[in-house]
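Each structure below is given as structure tokens.
Okay, so subunit A shows up in both of these, paired with subunit B first and subunit C after.
Up next, the complex of A and B:
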């Protein structure tokens, strides 16, 4: 059950985004696979409005989580992270807009890969509660 | 599951998912053209096959599966394994 944790500037090894666009602050891997990511919502987060993280910020958090997942494989090969693009978002539901101070945890499950496109399920909830924030299927492809 | 039952299930599942008539899915037909798959929707077929038949098709194998007959054969071989 070995887990590796990337946090702080260690995240930059997995994704190409830089502040203020970084929307994950912790990445947990297990058996060389990214299993979940976290984000503590700060008041100066650019996607926060009226104390809540808006839907576009949640989608960006999930997209960067997916990019970290695919970026981890390039990291293992000693390469720089590459830019990931959202190909499609579907079956997307938002249950609650999280607030400043909340910590999100997103769990990822790859359900298909083909032609450089990764299809995954993402489930986001607030750490320490059973409160679901969002779920969706997302297609990500990496810049070659 | 017999080969014929496998073929019927594959055709039924794919026709429903990609909104085609089952009759369009003939053994020699090209999968991508028949189902109108592009680079983004191809992964939907891979995920569906995994969900329905428990077979993961690697990208390196996918390029070899051009027709429905090739898909039936691939599934028959890997479901039995």
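Up next, the complex of A and C:
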């Protein structure tokens, strides 16, 4: 099964967020699921302060990674992405604030799904290094 | 970093707890993209407000070590929930600060957060 990469404005097919609030720039899929998402941190990113991506930007990147995952399955059904909201963030540990120029890669693992609610684990690290950035559990609600 | 997401209109800062009355700014550029034609305050911006209020209480720049739990119980938006109250308590534990905070609109809890922060060098 071939891999598909969504990038640039192709991301807009998967998530409803638009600039300056877009916090993923690459989505890699295989076997009809999202394998990982990436974000290269630009200096004009609205969550960058003093050359570092702050904690809330990391959490938003993870939330949009989850949005892309559910958005990809609606995309496969030929539909527009629906609005999603963070319901809960749990056990979210921050290990290092990434810097402008770093590329984040996030891997998600769905641990539960029911009635428009998705529960998942996320791990974020800096591409090309073993440096962990954050790990957390998140609950996402989709607008019905 | 978004510097115009909200303004603080009133603050009561005690030894290790505090209350802030804040007003959300509908003109913040974040709403251009979250979401077009349907402004919803990003949950992570509530986390930022809580952290900045904690910084005022601690008198220092802070960084989250961990968000143990943050629940978003009600959607926030400058159109429907413009005036918010933030209650926060901080407890020193070794080198870190344990924070518990609530963001409320009209006495209703919209966001509750428990987390650990450290002072930045």
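Please note the rule applied: the second predicted complex is superposed on the first by the 143 of 144 C-alpha atoms of A that agree within 3 Å, B and C clash if a C-alpha of one lies under 4 Å from a C-alpha of the other, contacts with A are read in each partner's own complex, and residues count from 1 in each chain.
Assume a contact is a pair of C-beta atoms (placed from the backbone, for glycine too) under 8 Å apart; a residue touches a chain by one contact, two chains touch by 3 or more.
Source: prediction; values computed, not measured.
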{"item": "Partner with the higher number of touched subunit A residues, subunit C or subunit B", "value": "C"}
{"item": "First, second, both or neither for A:87, with subunit B first and subunit C second", "value": "both"}
{"item": "Which superposed partner A:96 touches (first subunit B, second subunit C, both, neither)", "value": "neither"}
{"item": "Subunit B versus subunit C as contact partner of A:13, first or second or both or neither", "value": "neither"}
{"item": "Touched partner set for A:119, first subunit B, second subunit C, both or neither", "value": "first"}
{"item": "Which of subunit B and subunit C A:21 touches, first, second, both or neither", "value": "second"}
{"item": "Contacts of A:111 with subunit B and subunit C, given as first, second, both or neither", "value": "first"}
{"item": "Subunit A positions touched by subunit B in one structure and by subunit C in the second", "value": "87-88"}
{"item": "Complex interface listing, subunit A residues touching subunit B", "value": "87-88, 111-119, 139, 141"}
{"item": "Contact set on subunit C toward subunit A in their complex", "value": "1-2, 29-30, 32-36, 38, 40, 42-45, 47-48, 51, 63-72, 75"}
{"item": "Subunit A - residues contacting subunit C, complex", "value": "16-22, 46-49, 54-57, 59-60, 63, 83, 85-94, 97, 136"}
{"item": "Touching residues (chain side subunit B, partner subunit A) in the complex", "value": "39-40, 42-47, 50-51, 57, 59, 62"}
